[in-house]
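In the two assemblies presented below, chain A is common to both, partnered first by chain B and then by chain C.
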Partner chain A sequence: MFNPQWDTNTPNRLRRRLVNGVIPVLLLAGFSVSPLVYANQAILFQMMAFMALAQGVNLLYGFTGYLPFGYVGFFGIGAYGMAISIQLLHFPGILAVIIGGLLSSVIAMAFLPLLRLSGAYFAISSLAAAEVLSHIVSNSAFIHITNGPYGEQLTQSYHPLTSYVVMVIVLVLTTVVVIFIRNRPFGRALMAIREDPVSAAMAGISVVRARSVVWLLSALIAGLTGALFGWHMSVFYPSTVFDLNISILAIVFTLFGGYGTVTGPVLGSIVLYGLYNAIGISDPQYFQLIYGLLIIALVLFLPGGIISLIQRRGNYVP
Partner chain B sequence: MKSAGLIGMSALLLTASLAGCGASSSSAPPTKNIKDITIGTLYAKSGAFATSSMPEYSGLKFWASQVNKTGGTYVKALHKKVPVKIVAYNDQSSATTATSLYSQLITVNHVNILVADFGSVLTSVAVPVAQEKKMLLFDQTGTGASFFTPSNPYVVLTSLPTSGLWPTSLAQYLIHKGYSRIAIVYATNDFDQSQDQTLVRKLKAAHITPVYNNGVPTSTSSYSVLLNNMAHTKPQAVIELGYPNNDIAFMQALKASGDHFNMVFTIFPGQLPQLFTKTLGASSINNTYTYPAPPLLSFSHVNYGLNTTQFESAYKKATGQSTNFLSIAGYNTGLIIQKTLSTANSLNQLSLRHAVSRFSGSLSTLDGSFKINSEGAQIGETLPVAKISTNSKGQLSIKFVTSPNS
Partner chain C sequence: MSHEPVLAFEDIVKKFGTFRALDKVSATLKAGEILGLVGPNGSGKTTLINVISGLYNPDAGKILFQGLDITRWPMHKRARVGINRTFQIPKPFKSLSITENVALAYHYGSKPAMNPRQALDFVGLSHAASQLALQLNSTQQKLLDLARALAAGPKILLIDELAAGLNHQELKVIADHVQLLAQQGIALIVVEHHLGFVNQLTNRVIVMNAGKEIFQGSLDQAAQDPVVSAVYLGTGS
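Entry: the complex of A and B
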């Protein structure tokens, strides 16, 4: 995935920077202009949300090898953090979104010990953590804080235009962060940890610190996305923002596009979410069949995602 | 310099984003060009709400086919009959998917009439979208009290009172019977927990404190342990408040436990009797209590649309399916839309809303009296309590224990 030639050759390095810089600009341009040609902003918004989530999964799985099935837990906490900030603290929407993101990172700190696990054990325990968070939020005992099973009604703060614009900004910033990490020694250290943590530690990499930083960062991304999602919907129940399908879709989009790259999650989200809206709505059974076949085909023939088709030819893919 | 250029370009694109968002508001086709009235709705073909959503959608489609057989529905604003066309998408019981699909119906399909999917969860996301796009939402069975506020004129509940009002008759009956040991288990969702709160409040006002009152996740599929805990409190009446899947799981656990209580109450056998008799067997719901809804609850005075007997016969003939409450609710929504279109002076959404207020209180359908308050919430229909009886052939009948007109 990483071609050392690019690092030693100065013109190539400049070209690589340019290629990396184009992605956030394209995202900004695409999602800024698309409402002019396609009126359904809700679909565009959700595509951006899944793209940001897929980048969050990419940071964690693509760079460290931790597959977070319970990633939706941070998403849900972000949504509730935002809602509580608006309902109880009367914060304005944008500040509430930031609080939602930060709250997710705080919760992620409490779950840092999960990183002591690996593989399937981590995947299952992260899923359990998300379930715990969901049940705490929907518990009747916290009705005065979270409104329990009644969900949150933020119709007084409903502002689809502002939430759309902030989502564009969050997506672009998330992409820039992933580009930054991928092209820095820190990113390479993470990939070394992913391949062999023991060897990475022997080489002087602080495995625990690096993993923790990425864990908190990916929780922040999920939290901000969840907060924006909740703000954009303005009415949601615990079952809506702690829906396991959100994790699954983000993971599938990342794997389909190609984990460990910046372009992969973007491409995966555009193709699969686009496919979902093209045929998944009218004929979900066909979509699910196609989805299943695609995943099987990927695992068997393209474990590196569709991006790996380009990488196989020796091309650099950001 | 390059950075400054990039930042400038980013700012320009962000401005375009703002402009684009503003430009994407819905624009309905001019009234004079309307060839048919498009009704946009969602249905759940799979997932948790499929068993309730599909019959409701089927009832609405049946209404549209009936109307189109006669050349369409009369639209006062156009001074003529216009065919009805339903534009529908499958939200698969997902509120997230439903959000983008409601938006699709308004902004891309430019439907004339917007109808919500079944229940509070799938309706909740439509309420702010409809309000923001200034589109009147015909809410079929989303009974969440928070949907109806003085600041939102864009929602009308066509069937059922808001869920907080449901247990009024149940509380009356429990108090009247003198039951002092009452056990309640409820699913922790908006629909059921609001009922629990109302019920407990009314019982406490009569100096009755439930001996057991616990919430369980809506996904609960085994009630054996809960039932055992309830039985230990020696209740005279056991009340289970849940969605159809909860009610079925509860009844299964009750049957398996062999426990017997003076009174067992569940919500949905009164709305979906066929589902319960098919899944559990008729004997399982024999002698239990429920809220009977049409067609179990039949209204003699119907001044608009088919009556219950006519509907059952025509619906069976047209769809091959048996009637249940939700198919009636879907048909009833169609009738309310039909009356709205024949009353409104224009197809403007606020004009439609004013039209609904004008005929509110004067319409009696097979679903009962249609009457809304100033916020659009249904107050005409009532939910009495009835006891279910089944015979050896599995046929079901009910006996009202509270007045159907209370």
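Entry: the complex of A and C
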């Protein structure tokens, strides 16, 4: 066990646990109550989906240093795994979602060798991997399984309320997992690997195993989210669930909020997805402009995200 | 103390392309023994440390730890049985606190080991325990490297140029500390340019040149050896 008395970065362990515990409770309460006061459930659902994806990116980039531009590949596989489970295997929706998530992790296993790369090489190769998956799914040769380029229609299994509730649960569980990892020796080990894998190995950390665990876990998160997205939408195409913008938005939300923290991706998703819905649909040209300016400002002045404004003053941020 | 070697490496060869960085280097080391590894730049000292610690796989030869063949073991597995090292250019986890740096090694490393507080006390960094590692100067980072290695419970400790940049008084303190570790039964290989520092620690050295071991014996004898003299001072021709 990691001896917490050595975790000297935090002023008070009890207070820290409390602050950490508040985040999933707030998410649970917020997204459970908000459909009662805000009618557009689709927006709330997508905000949750992006929040979960941002936490997945956070695990990969914030803790381990891998920038996954191809993260959407796991999202798409999750959606198709779910759809195939419903269409061909006639599984109930929730079981199909779980199968979608697990399928993403299985696919992630096949791409484990990508973790031998680093920096831009990893980012580009993960993007290529997502493209490969997208082309396989949309290939006419697999039309009997994936319906090829014509997408999936799951109108017979359309359960917007159930899929919304399950999304709330997946988001809360994802957040709890990230909190757990961040506050355990494993989380510190991941950060150590991000800083210096050689030195981490010499501290006795199995670098390959730790990276693999995070890779599979983040694939599971993306897979479950993609599966829920597909179920909630009930109609989707390969271009919808393998859209590169999904990766980019999840990465931007994470970086904007502050990677390596639990709060960062939550805040980033609320602020930027909120902004997207406020002006992105009505005035897309202004939205793109504001978005671009925000990203430039972030890179130049706040590389640690908005959370770093609070951290700078020495405050603990979960 | 056991007379069986805790570490033995036999005919280690390490090539980079066609360049033989290590060419059939062999030695044994007993618990509590200090072996100095000296030689000019590029002679293969750090490469040997890298091979023993698992950073490089040798192209030929065998490494035995307590009689166990560990030649192909990954670094973390070696750390977990008690082989550890410091780095010539220190490699702390800069965004973690000094305590966290050491606590990680204590958590994942071999047991028994110094706990983080003991390790930081030993190297004199307890006063800075809550600081981030990036706030340390390079000498302090080297000491943190040492503390991290100690908290991982080493039975063999490979020290790579710890003395560089230290003043006379600091050298004396570090030499005393290294000897204290040997007295506790840790076997040490000390890579060093500073021969005075090596002399304070041990009288058993391996002198290397161009990947080959050119001398093994006492430092005094090495000073008299014509081959060693030629390497250090030139042949005069």
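Convention: the second predicted complex is superposed on the first by the 307 of 318 C-alpha atoms of A that agree within 3 Å, B and C clash if a C-alpha of one lies under 4 Å from a C-alpha of the other, contacts with A are read in each partner's own complex, and residues count from 1 in each chain.
Here is the rule we use: a contact is a pair of C-beta atoms (placed from the backbone, for glycine too) under 8 Å apart; a residue touches a chain by one contact, two chains touch by 3 or more.
All figures in this text were calculated on a predicted structure; none of them were measured in a lab.
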| item | value |
| --- | --- |
| If touched residues of chain A are counted for chain B and for chain C, the larger one | B |
| Touching partner for A:A200 - first (chain B), second (chain C), both, neither | second |
| Chain B versus chain C as contact partner of A:A189, first or second or both or neither | second |
| Chain B versus chain C as contact partner of A:Q153, first or second or both or neither | first |
| Which superposed partner A:Q41 touches (first chain B, second chain C, both, neither) | first |
| Which of chain B and chain C A:R13 touches, first, second, both or neither | neither |
| List of chain B residues in touch with chain A within their complex | 6, 9-10, 13-14, 16-24, 26, 45-46, 89-90, 92, 94-97, 99-104, 107-108, 121, 124-125, 127-129, 131-132, 146, 149, 152, 188-190, 193-194, 215, 217-218 |
| Touching residues (chain side chain C, partner chain A) in the complex | 53-55, 74-77, 79-80, 84-85, 87, 91-97, 99-110, 115-117, 129-130, 145, 148-149, 152 |
| Chain A - residues contacting chain C, complex | 1-3, 6-9, 185, 188-189, 191-192, 195-196, 198-208 |
| Of chain A, residues touching chain B in the complex | 21, 25, 28-29, 31-36, 38-43, 46, 135, 138-140, 148-151, 153, 155, 158, 160-161, 164-165, 168-169, 172, 233-237, 239-240, 243, 245-246, 277, 281-282, 284 |
